[in-house]
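Below you will find the structure I want to go over with you.
Every chain is named by a letter (A, B, C, D, E, F, G and H) in the order it is written, and numbering of its residues begins at 1.
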Amino acid sequence: LRQGAPEVIFGEGKSAGQIFTIVEKMAEKGSNVLVTRLAAEKAEPLLARFPDATYDTDARAFCLTQRPLEIATRGTVLVVCAGTSDLPVAREAAVTARMLGNPVEELVDVGVAGIHRLFARADKLREAAVVIVVAGMEGALPSVIGGLVAVPVIAVPTSVGYGAAFGGVAALLGMLNSCAGGVTVVNIDNGFGAAYAATRINRIIQP
Amino acid sequence: LRQGAPEVIFGEGKSAGQIFTIVEKMAEKGSNVLVTRLAAEKAEPLLARFPDATYDTDARAFCLTQRPLEIATRGTVLVVCAGTSDLPVAREAAVTARMLGNPVEELVDVGVAGIHRLFARADKLREAAVVIVVAGMEGALPSVIGGLVAVPVIAVPTSVGYGAAFGGVAALLGMLNSCAGGVTVVNIDNGFGAAYAATRINRIIQP
Amino acid sequence: LRQGAPEVIFGEGKSAGQIFTIVEKMAEKGSNVLVTRLAAEKAEPLLARFPDATYDTDARAFCLTQRPLEIATRGTVLVVCAGTSDLPVAREAAVTARMLGNPVEELVDVGVAGIHRLFARADKLREAAVVIVVAGMEGALPSVIGGLVAVPVIAVPTSVGYGAAFGGVAALLGMLNSCAGGVTVVNIDNGFGAAYAATRINRIIQP
Amino acid sequence: LRQGAPEVIFGEGKSAGQIFTIVEKMAEKGSNVLVTRLAAEKAEPLLARFPDATYDTDARAFCLTQRPLEIATRGTVLVVCAGTSDLPVAREAAVTARMLGNPVEELVDVGVAGIHRLFARADKLREAAVVIVVAGMEGALPSVIGGLVAVPVIAVPTSVGYGAAFGGVAALLGMLNSCAGGVTVVNIDNGFGAAYAATRINRIIQP
Amino acid sequence: LRQGAPEVIFGEGKSAGQIFTIVEKMAEKGSNVLVTRLAAEKAEPLLARFPDATYDTDARAFCLTQRPLEIATRGTVLVVCAGTSDLPVAREAAVTARMLGNPVEELVDVGVAGIHRLFARADKLREAAVVIVVAGMEGALPSVIGGLVAVPVIAVPTSVGYGAAFGGVAALLGMLNSCAGGVTVVNIDNGFGAAYAATRINRIIQP
Amino acid sequence: LRQGAPEVIFGEGKSAGQIFTIVEKMAEKGSNVLVTRLAAEKAEPLLARFPDATYDTDARAFCLTQRPLEIATRGTVLVVCAGTSDLPVAREAAVTARMLGNPVEELVDVGVAGIHRLFARADKLREAAVVIVVAGMEGALPSVIGGLVAVPVIAVPTSVGYGAAFGGVAALLGMLNSCAGGVTVVNIDNGFGAAYAATRINRIIQP
Amino acid sequence: LRQGAPEVIFGEGKSAGQIFTIVEKMAEKGSNVLVTRLAAEKAEPLLARFPDATYDTDARAFCLTQRPLEIATRGTVLVVCAGTSDLPVAREAAVTARMLGNPVEELVDVGVAGIHRLFARADKLREAAVVIVVAGMEGALPSVIGGLVAVPVIAVPTSVGYGAAFGGVAALLGMLNSCAGGVTVVNIDNGFGAAYAATRINRIIQP
Amino acid sequence: LRQGAPEVIFGEGKSAGQIFTIVEKMAEKGSNVLVTRLAAEKAEPLLARFPDATYDTDARAFCLTQRPLEIATRGTVLVVCAGTSDLPVAREAAVTARMLGNPVEELVDVGVAGIHRLFARADKLREAAVVIVVAGMEGALPSVIGGLVAVPVIAVPTSVGYGAAFGGVAALLGMLNSCAGGVTVVNIDNGFGAAYAATRINRIIQP
């Protein structure tokens, strides 16, 4: 994508050994490296090997930054979610967006059932260039936020919930049917994909 | 249920002739009569025969009130919906609730994407004894309202929408997963059932 | 909600440590505390720390009552279920309703296939101010009970069953299509939500 | 199957002309003929041509009986349904069962929401050799009846209902999950198939 | 049901201790006892306690026969399945049918893809009073057998298969749409229910 | 594809005028032309304009053959279906296969419930180079045929049926789960696609 | 949104009279007006009343431009689709994007099965600031295009197709699972929503 | 099928002991043996017993070749997949195709989002007699390949992906709706079935 854009590895379903080998090879080339969906125990050998790297427990993401990230963006990517259950997906989005060169802000604990908490932060909403809204259960938050801001809103349904939440389907359908303009949707739990799309939106295009 | 409670006929799938015969027989006994899901053209012979009866075009409901309704309720049933598409279901609820002896208030054009319009009417929300919230598409309105009031909220999903609205399924799932307490749900488009349940809630129970 | 209303924590997906910390902080403020969906082993440190608290094994719920509950209700909340498999959800509803300040009665082992057992308890059904009916498999019990009582019925589908029970979907659909008036529905296995809605219904509203 | 067993034609999706030709050919051979799912206007030329034949408006079935039916059955086939909406399917079952040589009884207007009406007819239930139970919406009736009788119960879900009835799926799932023993199920609206299976059950087998 | 009919316990989801207590209590009354869906390790204490009892490893069923079974049936219940994967469900049906007082025959390894093996056993098919057909994957066997016999066929879909088998849904739908007359269906994997219904069919009714 | 291979137009959703214009343009180039899913009334102007063209009423297909078809195939494409309801799809396959240069045989009225009719034609099955099997409802025919032949079988589910046939889904799932080797599947009602794939299989490849 | 941004009316389900009244009122205020999903016959009275307005037959959209549109965008919105069946949705997107002040380019007849046609237009793809990709059936086009461009891609599934297309569900799922980064999705057939989101992306934000 | 065609065992759900016994018996007869879906630890005793046999870790398949395979095929079976996640299914297809007597080529790491990698291998695509395309997530690869080759394409959806991938359903639907001619589909993850069908296609038929 741009200077310093990381190589990305999808950690799920790969063994600690496989991941170590891939990261090592990428690191040798001097690349920045992002591993998503990485279980804590698989991160340990990587952190031992690369002392400057970090591992985000919530996001379950490993970040190795060897080269400076080039920032040529329109503004801030704001990641919003309602509560602690949605946090892993929200933080996957935030960590990814940072590694892709965006300034990132986060807003947690703002749900539709206690909407005053959301309004108390309206300023933050209005300052963003792109908003990523992460929500499980009924997935109503993007509609409300889409009505409050004038910038693009990327909605990420999460698999949080039980029963008729159907592993994120209820939230996904809610978001696809959003009555607010400017809302687009990515796959269930796909914080990475939301951040990737937000980065394309947030790039300053040279005319 | 109580004094003056109407006999109710489900009009859909019955011929004009069948309905006329049933209503006539009920009217002879002196009963009040409510016909729901009644097409306008099937209402005509009934209105000709019972000049004091009324037909609500939005609700598609016929009401014949021969006996006074006994009002022994805790308060007002408030029916809320976001827009004109949900109006038929909202008005089926309102007309039914009135025929079942409840004082009824209506609040239309308050959706989640323009949430300030809802807040402007917060007083009305807080005065109700029961709130019926009718919403299609993402069905997010009951969660927001459930967070604003302290009384029971009955959510009615509507079949309004297209594509991934799946004939009301998206709204239904959203409502079942409401993160707000106090929200219960009825079948898609079932304004009648919501009003019936609201009436049971709104009744003053003799100790 | 009212005097003594508890702070509520959803225990599923949180570690024993996280829960301990949250409860401790709430307890310090003198609040009553209810933790639902709490595995037995996570309850142990809490019970050691708060010797007056209780843990209900069926409901998987922890209750700490530091302040007296204010009872200002219309009557009794009756929780009904068909058998031992549905018991955890039924008891989650009962424990929650009690913590929210309602007098609670329970009726177990009354299913539609042996309906005489239900009729033998008809008196109990008629004494309630609200009935919560918990049922898995075909979820037919709320329809039968809705036809026997004149008060609101809240139906809770459970994920009990196998094959075409589809984790509670069969029961959910049965309840949404109930041919009995006055029945409203909450999410699969959501005993807590049913009790919360019942509490709103059961409150005496000051005029 | 046996003496006098009719040739059966599925009328749906065939033109009046096609059906006329097929019936004519069968009639020439002296066979009894049953046409199911036959629209009234397509029945007219047949009734004109075969003055002794009958057409059942509810069942939408045409019956031509040229040979006596051999009755060698264990007892009566009882067809039960809750109301007028399910009547077409119930009568398709009844007409078919008669044409296949069974004594048939019918019981309508006995639903789960007004279960006392069902108990008032318990004698009739207990006299049957096989019971066919036809029900739409939540499809709970077979479970209740399965608990009252000791003979086989064949459950027929109907497409009656709206919204979350999903064209008979809710009733079908309810019946498949019946908690009562002895209940088996056929396809949605398949009154014919239920009668056919009942006939096999009701046959006296020569040892 | 009749002399010697067993008490039945559904073993799944109950602890070894719970089951032991229930069986003990029933055994004391002199009853026959059948426990279905019982894991092998939970059967061990029961077999130690009741040396005359048996445990069927395939069916995962425990049988204690203290009183003679009364046989008053029309004939044999034949249980058919295609292969070893469907065997547990087929044997649950067979063991249950025997405990309910039916002579039982079994026919395994006869599938639709090698249909000659089925035809080689056509005699056995024709001797049965009721046929239970157990099949997973496409569930086509009941249609073929329904066309070969004149007695009732009870179809049991199994959860055997992967991918688009959807845990037995493909087989269930196939059976509900059977183009052969006389086929009725029970829930996925419900060998018990099929045997129970077969027993009602197979009973000699006293006139 | 090869010499004389037709231009193909999907007729559904196009107006008579649009189709006429497209066919005219293709005809001018001397091409052969096939229009599928063409309503009879839209075929009329085409037949008037091209007197040598034909229209197959069952297949609802228009064929204009201006150039000789080159036949360089391994053998015959056999199209099999169970009955008259599946005929339109079967004939769409047959007509398309002929226009694509294959010798075609057809076998109708051979269903799984009367399997002897199928065996009576086993010779025909064994002579084919590819077999297309068209079936609705439970879609079991391809499994049976796949077990009888040694050549590729292409299964076409049809939307024939009602209730739990779900517009062809039951047949589709049955076919995808076929326990017979060598069966592959195309979309519901896609006779065209089956013939197209059969043609690729049936081509003689020049080494 | 900005200077000259139109008032938008969703035409489906509203009568010609209702739409006329709404448009008239908006026009009086001097606003630009866009009516989507408007049947041709309902557009006629509007075109008679507003001679400068236009009606796009493919998009089924009415546009009245009374005030100049303010163009302050990053670049061009490119709308891509595979063929004539997807054209109505593609043109709804294009017309909307124009009315919202974007320069718009269109690329039709570029599908995944003839991918060389797409590559022939790669230059056009690379010039866009945002790409809207409209596709029915398997909905694979956005993945391919997402891999060719570096700007945001908004995918619009259409209800085009039959059988297992399930009214756009197949395309929707394909797009949500896109293996290409930067793809976000809107509701089935929601050309309007895609254009609205594209406009937010394409706006030049004042720092 | 032909000389040397192996006996095939589906390893999933069978114990190491069961599999050992079956393989031993087959080996004694001198047959070639293929065991699919075999966990590595269950393969160990087999490899110890048959030192000439092989076990493919990716495919999870055991192959014992005692007799020479007869090769009488039209050409090469080419197995294509996008990446490492789909590899197990792709290799199951490749191993099976080899054991069934086909020359096999493999092409991995060619996905739709980086389509140039696919084009770089176009020669390989054009040399095959049959192409098996294995793809998860959106399952778009078969459409693209179907448009590039003139031979039959067998599409295998995989359960790779998360969220709205629904365990392979998204890929399955994409493939069934392929807009490219000549594509047929097998069950999710059914690499074996694809290879079996490919073998029937690839056989040289003796005239």
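In the analysis below, a contact is a pair of C-beta atoms (placed from the backbone, for glycine too) under 8 Å apart; a residue touches a chain by one contact, two chains touch by 3 or more.
Predicted model, so just to flag it, every value in this text is computed and none were measured.
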{"item": "Contact-graph separation of chain A and chain F, given in steps at minimum", "value": "2"}
{"item": "Same or different contact residues where chain E meets its copy chain D, judged by the half mark", "value": "same"}
{"item": "Label of the chain whose CA centroid is most distant from the centroid of chain C", "value": "F"}
{"item": "Of F-H and E-F, whichever chain pair has more C-beta contact pairs", "value": "E-F"}
{"item": "Equivalent of A-G within the choices B-C, E-F or A-C, defined by over half of its residue contact pairs recurring", "value": "B-C"}
{"item": "Distance between chain centroids, defined by C-alpha means - chain A, chain D (Å)", "value": "58"}
{"item": "Chain D and chain H, separation of their C-alpha mean positions in angstrom", "value": "48"}
{"item": "Multi-chain contact residues (two or more partners), chain H", "value": "163-165, 169, 172, 176-177, 181, 187"}
{"item": "Pairs of chains satisfying the touch condition", "value": "A-B, A-C, A-G, A-H, B-C, B-D, B-G, C-D, C-E, D-E, D-F, E-F, E-H, F-G, F-H, G-H"}
{"item": "Chain B - residues contacting chain C, complex", "value": "1, 74-75, 129, 150-152, 154, 172, 176-177, 181-187, 193-194, 196-197, 199-201, 203, 205, 207"}
{"item": "Chain F to chain D touching residues, read off their complex", "value": "84-85, 162-165"}
{"item": "Touching residues (chain side chain C, partner chain A) in the complex", "value": "12-14, 157, 159, 167-169, 172, 187-190"}
{"item": "Chain A - residues contacting chain B, complex", "value": "82, 111-115, 137-140, 143-144, 146-148, 161, 163-166, 169-171, 173-181"}
